[in-house]
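Chain nomenclature is as follows: A, B, C and D, assigned in order of appearance, with residue numbering initiated at 1 for each chain independently.
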Amino acid sequence: MTEDTLEAPQREKRDRLVLRFAGDSGDGMQLTGNRFTDASAAMGNDLATFPDFPSEIRAPAGTLPGVSSFQVQIADWDILTPGDAPDILIAMNPAALKAHIDDLETGSLLLVNSDAFVERNLEKAGYETNPLEDGSLDSYHLMTAPMEELTKLAVADTGVKGRAMLRSKNFFALGLVSWMFNRPTESVIKWVTNKFGPENVVAKANIAALHAGYNFGITTEEFHHLFDVGAAKLDKGQYTNITGNQAIAWGLIAGAEAAKLPLLYGSYPITPASSILEELAKHKNFGVRTLQVEDEIAAVGVALGGSFAGHLGVTGTSGPGVALKSETISLAFQVELPLVIVNVQRAGPSTGMPTKTEQADLLLVMFGRHGEAPLPIVAPATPAEAFMSAVEACRLAVQYMTPVILMSDGYIANSSEPWRLPDTDEIADMSRPFATADGSEFLPYSRDPETLARPWAIPGTPGLEHRIGGLEHANLTGNVSYDPRNHELMTKLRADKIDRIADSIKPVEVDGPESGELLVVGWGSTFGAIRAGTRNARKAGHSVSHVHIRHLNPFPSNLGEVLSKYDKVMVPELNSGQLALILRAKYLIDVISYPKIQGLPFKAAEISGKVIGILAGTDSEAGQ
Amino acid sequence: MTEDTLEAPQREKRDRLVLRFAGDSGDGMQLTGNRFTDASAAMGNDLATFPDFPSEIRAPAGTLPGVSSFQVQIADWDILTPGDAPDILIAMNPAALKAHIDDLETGSLLLVNSDAFVERNLEKAGYETNPLEDGSLDSYHLMTAPMEELTKLAVADTGVKGRAMLRSKNFFALGLVSWMFNRPTESVIKWVTNKFGPENVVAKANIAALHAGYNFGITTEEFHHLFDVGAAKLDKGQYTNITGNQAIAWGLIAGAEAAKLPLLYGSYPITPASSILEELAKHKNFGVRTLQVEDEIAAVGVALGGSFAGHLGVTGTSGPGVALKSETISLAFQVELPLVIVNVQRAGPSTGMPTKTEQADLLLVMFGRHGEAPLPIVAPATPAEAFMSAVEACRLAVQYMTPVILMSDGYIANSSEPWRLPDTDEIADMSRPFATADGSEFLPYSRDPETLARPWAIPGTPGLEHRIGGLEHANLTGNVSYDPRNHELMTKLRADKIDRIADSIKPVEVDGPESGELLVVGWGSTFGAIRAGTRNARKAGHSVSHVHIRHLNPFPSNLGEVLSKYDKVMVPELNSGQLALILRAKYLIDVISYPKIQGLPFKAAEISGKVIGILAGTDSEAGQ
Amino acid sequence: MTDTKYTRSDFQSDQEVRWCPGCGDYTILASVQNFLATLEKDKHNHVFISGIGCASRFPYYVDTYGMHSIHGRAPAIATGVATANPDLTVWVVSGDGDALSIGGNHLIHTMRRNVNIKMLLFNNQIYGLTKGQYSPTSELGKRTKTSPMGSLDQPFNPTSLAIASEATFVARTIDMDRNHTTKMLQAAYEHDGAALIEIYQNCNVFNDKAFVQLTGREERDTNRINLEAGQPIKFGANQEFAVVVDGNGARIVATADVAEADIHVHNPSNPDPSAAFALSRLSHGPYGPTPIGIFRDVNRPSYGDQVQQQLVEAHAKKGPGNIKDLIRSGGFWTVD
Amino acid sequence: MTDTKYTRSDFQSDQEVRWCPGCGDYTILASVQNFLATLEKDKHNHVFISGIGCASRFPYYVDTYGMHSIHGRAPAIATGVATANPDLTVWVVSGDGDALSIGGNHLIHTMRRNVNIKMLLFNNQIYGLTKGQYSPTSELGKRTKTSPMGSLDQPFNPTSLAIASEATFVARTIDMDRNHTTKMLQAAYEHDGAALIEIYQNCNVFNDKAFVQLTGREERDTNRINLEAGQPIKFGANQEFAVVVDGNGARIVATADVAEADIHVHNPSNPDPSAAFALSRLSHGPYGPTPIGIFRDVNRPSYGDQVQQQLVEAHAKKGPGNIKDLIRSGGFWTVD
C-alpha cells in the first residue's frame, strides 16, 4: 500500500448500507449509533434508525438480556426503514454477537471486539467454545480488533484511570467504523466537547479513543472493506434528524401556538412516553406548563382542568396509562372540552414488554370508554411526520371541542429520520375565540353549525358563568336532564360532531395503481416497511398498491371507495388484526389480516413476501 | 248494590294487566309496587317489573325530576316484559301525572290522588290549570280519591302524628288497587309487621291505611272497573320473585360452591351495582368475604389477590368502574388467574344517567384493554337467568383460569320476575384441583391440553413456590422473556384459550323458523321485548325469528351458520350498534342495527314495528 | 346592610336545589353563597369543581363557573384550573367518600404541592348518594348495608391526614354553625395555597345526628373545643376544661388542675405541625370533646405561583420561545 | 452457625438478579433472604407482592410465592391475599414512586385497615426504572429530566404520612445497615397487622449518595438518631445530642443543656401517635439528624382476622350457608 491509497483509499460506492451496533447496555451503543447517525445526516444521507434496548436500567453486564443495539440505515435515496438485515454488525461482546448473529446474512461483515471474548463473557453468553475460533463464523466476513487493549493505550495520557479507561471503547469502535464508511469525525468531537467541556478528562479520553479507532482503520490491513454512501437527493430544504417523541413535543408546542393557547401538559412518567414530558419541560420559555403528577388519572385531570381554564390541555402516556385515563377521557368527551391524549404504544398486555413496540391499543382508544363516546384518532406514520400529526391533533381538539387521541408507538418514539423542516409560519391559524358575553342568554351547549363545536367560555369571563358536568344534560342549556329523547339527541350530536371531522381531513392517497389486485392498508409506524415492501413487490412486477391511514376515526371519506377498487385488501399490523376488524365491520370487505406480535417492527421483506404470497395464491389465510 | 255484590263483585277476567305506580320519590312508590308484585306472585301470576327512579336521593318534592315510578305486568301466561303501555296509571301528584300521562293510551284507567292537586304542586309540575278539572284528561278513564284526607282519618288512632300521618298514603293507594285487582292484603300486612314489628306505630298506620284503601274501594261506587288476572300456567315447580342483582349475588354464591372455593367479593359502591355487594354482605355464613374498599382499582385488586390465594375473586361495578379496573383486568389476563368482573351497565358516557339502563359498554368490555387481551363475556337475558349466568361466569373463570366479564344492566338489576327455583344439587361440580408438588419441575405456564388452562398453585403449597407477573414471560416456566417469538406464541396461546371456550358452551337456539326472511339477534336485557315483539310479528304472519346471544365472546359456534340462513339480520340494542359492529366484522353480514339510546328498555311494540317495517321494505335503514 | 357588591342571590343559580329536605348541605350552601357575596372578587373569577356525591352537586347551585366532574378526581382537575390561571379562586367541594376514599391520593398530593385550591370536605361519615354505605370516616363497628355486622375499617381522621400530607391550611367547622363556617371560609380564602376545611355535615337520611354531640343543645358546650390562634385552649360551659400538649400528645385536663402556663396556647402558624397533629388526635370523629377551628395555617409558596415563576425565569433567561429556532436546535443541514 | 431450618440459598430463586451493579437493592435482598432463613416459617407460606419499579423486581429473586403486579397496586392485591389466607406472611415490596405516587391511596387505606402485610418501601427518592425523574420523596428544588429548573413539589415524609394514616407499625432503616434492617424485619414480622418499613435505598445511577449523611463515615454519627423503645433519645458520637418533645413538637438539644428527665423517652407503643409523629418531623428526608428505628408499634386487630371473625360469628349464628334455603329466603310459591 502506498501512502496515497492510505490517504484516499478505494471505496466501494453503495446506495444504502445498514449498520447495527450491539453491545452491553453499559457500553454506550445508543450513543455510538446516534453519533454515527448524526455524522451521516450531516453528510446528506437519508437515514432511518431503530434503537432497541432492554427494560432494565443496567441489566447484568455480559448477559443476553443486557444487550442493547442500535441499527441505522444510511442511503443516497429516500429510504423508508432502518433496513431489514444489517450489512455490518458491530459486536462489542459475546452476548451481543449471540443476540444478533442470526439476523446477519451469509457473507455480511462482522466487526468484533476480540478483547471481550474471554471465558467469563463467553460463559455468560452461553457459548461453549469461542466463536471467534471455532469456525462457526466462517460464513461471515469476520474482522476483529482488540478494542479494549487499544482503547486503554489510547487514553493512557488523558487522565482517566483504571476501569474507567475502558468506558471509551465505544468511541474506538465509532472511530474505526467512521473510517470504514468514510464518515467525518468532526461532528463527534464537537458533540463530545459540548457535552463535557473541552477540558474534561472524559471528553479527552473519548476523543483520543475515537482517533485511535480511526487510525487503526487506516493503518491496519484487515479493514479493506471500505464503503461509501453518497448524499441523498432529498427535496431542497433544511433538515434535522428527529425522533418521534421529540417531534411530538415540538408539534404540541407548534399546535398550541397555532391555536394561540398556552400549552399545559400533564403526565406521569412511563416508557416509552416519558421523553415527551422531558422534552417539553425544557421549554418553559414558550409558556409551556409541564405538570408531573401523582398518576395517570391526575395527569389527564390536570390537563382537562387546564382546558377548562382556557389552556390547551394535553396528556401523554402509554397503554397502561390510557387504560387508567379512560374514565376521565369519557368526562372530557361528555363536557366537550379540548384535550389531546398521546398514546405511545408499547407491547402489552399488562406490563408486557415495555421497551418493545406494538400497535395493539387501537381498539382500546377506539372503544375503551363506557357509554357511547367516539373520539378522533390521529396516527403519524413516521417520526418526522409526528410533528404535523401533533399539530393536527391540536387542531381537531380546539376546532371541534373534543378529546383527540394521538397514536404513536415505541418504534416511532425512539427511531429517528431526517425531517425536512417545515415553514412554521405556514401552519394555519387554528385558534377559536373564547366566548364572550353578548347580552343574550349563554347556552353552553349551543353549537357551531358547521363543526357542531360548542362555545368555549372560560372561567374569568364576565357574564358567562355556567356549569358543566358528566351527567347527561339538556341540549343548549346544559342543565342536568334525564329526558330520554334528549339523551338520544345528545348522543347523536356528540357522535355527529366527530363524524364531521371527516370533512376537514385529507383523503387517503394511493401509492401504486389506482385499482388492481391487491391493496395493502396500514396505519402508524408500519409505514416504512409497507411502502418499501409494496414498492419492491411492484418493481418485481406485482399489482399492489399501498394506502396509509393517518386518521383512524373518522376515516377519510374516500377510504371506502378506494378499498372497493381492489380485488383483495391486506392489512399488516403489529397486533392481531385490529384495524382489519374495523375495516371489515365498516366496509364489509373480507380484509386479510397480517398480524405480527413480536414486539418488533415489520421488515420490508416480510411485507413483500406476504404480498407475493397472496397474489400467487399460496397465502390463502383470509381475514380475522 | 246488594251486600252480595259487595262481597264478591263482578270482575272482568283479563289475561294480562299493566299497572304503573307513580309518585314523588318520597312517596314510597317502589315499595308499593314491590308489595303489589309480591302479592301477585303469591297468586301465581307471571309477572315482570320495571322500577324507574331519579338519581337524587330525595329530589325536591313535587317536581318532575323527583318522580319515581314502578311498572308491573301481571299475567296468566308467561309474559316476557313489564308491558309497553300501562292499563292503569296510579298518580300520586301532578308531577307524576305529567311525567307519565303520555305513555297512557286513550281509554286507559287513571287513578289519581286528588288531594295533591293543589296550586303549589300544580305549579311545581308546570300545570297552568288543574288537569283534573280542565277536561284535558277526558280521553282517559279518570278516577280520583282524596287519598291524603282519607289516610289521615284512617291513621288517626295509631299514634302517628302530624305530617308523618301522610306517609302512609301509599298504603292507602295499595289497598285501593288491591281491591280493584283482587289482590289479597295478607302478604302486605305480614311484610309490614315483619319489617317494623307488630307494635310499631308506623306498622299500625300503614296497615290502617291499607285497610282504609281497600274498604274505600268496596264502598265507593266510582271504582267499578274491577279486573282479575288468574294464575299463570307456569311450569311445575317452586317459584320466587327475584331481581337481577339478587340473582347475581346468589349465583355467585352457588358458583363458588360448585367450584368448591370460598368467594371473595371486592367492590366499591356504585349504582346500579351496589346491591350485589349489599346482598353478598349478608351471607357471611357461606364463608363469603365482602371487601368494600377505597375505589374500583382496589376492588379488582383485592379480588385478584384473593384468586391468587385460592379464593374465587369477584368484583362488581358499573361502566365507570370497569373503565378504572381495565389495567388490573389486563394484569389478571396476563397472569391467567380466575376472576369474575360484573358490569351492571348504566347510561353513559361519563356519569351519564346513573339510574337509567343502557347496553353501551359492550365494546368496552370486549376491547377496552391495552395490548391483546380477549376475555370471555357472559350476559344474562333476564333477571332470573342472571343466577345461572353468574354460575357460568364462575365456571369459565375457574376452568379456563381467566378473568370473565358478566354483563348485566340497570334494567336486569332492578326488575324482577318469577324464577323457577333450580335444583341446586344439579349444578355440575366445576371445581379444579389446585396443583400440588409431584417431584417434577413445576411449570406455572404449562397447560391443560383441552382447555389450555394453566395450573393453579396457591401460596401455602409446599414445593410449588413460583412467581407470576405482568411482564411477558416464557412459555411453561413463566420466567420474564423478551423473546419475540415467545411473545407471539404466548399471545396466541392466551387467545386460543379463550376461543376454546366455544367448545363448552351451548349453541344458540332459534325461536321461530330455522331460516327465512329476517332474524332478530339480541343480547342482554332486551330479551323480553325482542321475544314478545318477534312473536307478535310472527303471529301477524311475518317471517321472523329470534336468537338471543348469552355468550358474547367467544360466540357459540353455530352462530355464523344460523345467521347465514336468513335474508336479513337485525340487531336491536340499547346502544348505537355495538353487537352489530362485531357481527359485521366477524361474519361480513350487512346487519341492520336498531339502536335505542334513551336510558329506557325497548318496548315489544317497537321491535315488532321495526320488524314489520323491515319486512315491508319501508324501513330501509341499513346497518352502521 | 353594608353596601357589598353582591347579595346572596347573585350566587344562586337558576337550578332547583335537589338535596333531601333537612340536609346539612343546604346550610353550607347558604353560608358559602353569603360569604361569596361579601367579597370584592368578581363572581366570574370563582370556580367550583366537585366530584360525585350529594355534596358534589354543589356547583350546580352556585352561579359561578363550575364543573361537576367524576368521583374523586376534583382535586386533580382543580389543580389544572388553578395552575393554568392563578387569578381564579378555585373551590373544591367533596364528600368524605369522594375526597378520602376514591380521591384520597389526589387529596394528599394536592396538599403537599400546596395547590391554590380551597377544598370543602363535607364529612357526613356516610356515602349519601349511593344510599348509605359506610365511608372512610364512618366509625368502627358501624352497621350499614354493606357492613351488616359492623364496619371493620379504622376511620381516617381527615385533619390528621391533611396535616401529615404537608398541608399549609387545615380547619374544621360544622354545617349548622354558619358564623363559624363563614370565618373558616374567610381564612381559607385569604390563605395563599391549598386550604382544607372539613365540614361536619348532617345527612339526615342515612346518618342522622352523627354530630349531635357537637350540635345538640345539651352536649355542645362540653364537647366543642374552639381553637383560637394565640389563645390557651379551654372549653366547657365555664371553661372548666383545658388542653395540655406534651411529649405524650394532647390531653384534656380540668382547668383547675393545671397552671395557666401549662395550658396549650394554640399556634396554627407554628412551622412544626406536631402540635396541630396532636390536637387533631384529641378526637377521632365527633364523639366527645372535638376541636373546631383552624389547626394549621402556615405560609409556603403556592404551586401555581411557582410554576408561573419558572416560566418567567425561563423567559428571562432564554427569551420568548421561537418555534423556528426550536426545530433547528438539534442542528440541521441544508439540501439545495 | 446455629442449625436453622433454612439457609439464604433456600430463598434465592433461579433468576439472575438484574439491578445495576452497586444498587442498594442488592443489600436489601440479601438482608431479607438471610432474615427469612432464620425463621421457622415454611418458605411456601411467604408471599411477596410488588408493583412496578426497580424495587418491584424483588419478588423474582426470592424463592417463595410472588407476584410482580402493576404500578402502585401491590397493597390492594396483597390485601386480597392476606384476607383470603391469614396464615400467609404477605410482604409488599415497593418504591417511593410505586408506594407514594400512583399507589398512595392504597397505601394509606391499607394502613388504616391494618391489613396484615409487611410493606417494604424502598425509598431512593427517585424514579429508578423510568430513568431518573423526581419522585414524591425527592427534595424541593431537585433537578431531574422532568424538573430541569428544580422540583416544586414539597416531598412527603413517608413516616409522618403512615402515622397519620392510622398505621400500627412504622419504622425506618437503611439499606447498608444490614443488622438494623434485620431487626426491623423481625419486628415487622412479629407485628400483627400492617407494618411499614421505609428503607433508605441508594440508587447509585440516578440519585447516588442521597443518604450519605446517614451512611458516610464522617457524617453518620452526627446524624443518625437511633430510636430505641424505653430509651431516652440521645445521639452523636458521644451521645452529645438529645431529643426533647413538648407542645412545640420535637427538637434537638445538646444533652448537656437539658435535665436527663426532660429527654424524650421513646415509647413506640404509646396509643397516642402524636409523639411518634413529632419524631417523624425531626427530619424531612435524610438531610441532617434523622431518626432510624421503630416510630410506632401498637396493637389493633388485623383486618384479615376480623373478617375471619365475622365469618365465624355469622356461621355460629346462622349455621352453615345452605344454597337451597338461600334461594327460598324471599318467600316462594309452588306451581303444580
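The working rule: a residue touches a chain if its C-beta (ideal position, glycine included) is under 8 Å from a C-beta of that chain, and two chains touch if they have at least 3 such contacts.
Please read all numbers here as calculations on a predicted model, not as lab measurements.
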item	value
Reference chain D; chain at largest CA-centroid distance	B
Of A-C and B-C, pair with higher C-beta contact tally	A-C
Whole-Å gap separating chain C and chain D, where each centre is the average of the chain's CA atoms	29
Where chain B and chain C are represented by their mean Cα positions, the distance between them in whole Å	39
Gap in Å, rounded to a whole number, between the CA centres of chain B and chain A	46
Rounded Å distance, chain A centre to chain C centre (Cα mean)	44
Multi-chain contact sites of chain A, meaning residues that touch two or more partners	55, 65, 284, 294-295, 320, 327, 331, 335, 350-351, 469-471, 480
Of all residues in chain C, the ones touching two or more other chains	52, 68, 70, 101-102, 104-105, 109, 136, 149, 307, 310, 313-314
Interface residues, chain A side, partner chain B - complex	54-55, 65, 318-320, 322-324, 326-327, 330-331, 333-335, 345, 347-353, 355-356, 358, 360-361, 363-364, 366-373, 469-472, 480, 482, 484-485, 487-488, 491-492, 495, 575-576, 581-582, 584-586, 588-590, 596-600, 624
Touch list for chain B against partner chain C, complex	55-61, 63, 65-66, 268-271, 274, 277-278, 281-282, 284, 290, 292, 294-296, 320, 350-351
For the chain C and chain B complex, residues of the former touching the latter	16-21, 52, 54, 68, 70-72, 101-102, 104, 127-131, 133-134, 136, 145-149, 205
Touching residues on chain A, where the partner in the complex is chain C	38, 41-42, 44, 231, 234-242, 246, 250, 253-254, 257, 262, 264, 266, 283-289, 291, 293-295, 297-298, 301-311, 313, 327-328, 331, 335, 387, 421-422, 424, 458-471, 479-480
Chain C residues within the chain D interface of the complex	101-102, 104-105, 108-109, 112-114, 136, 149-150, 152-157, 160-161, 163-166, 244-250, 264, 270, 272-275, 277-278, 281, 300, 303, 306-307, 310, 313-314
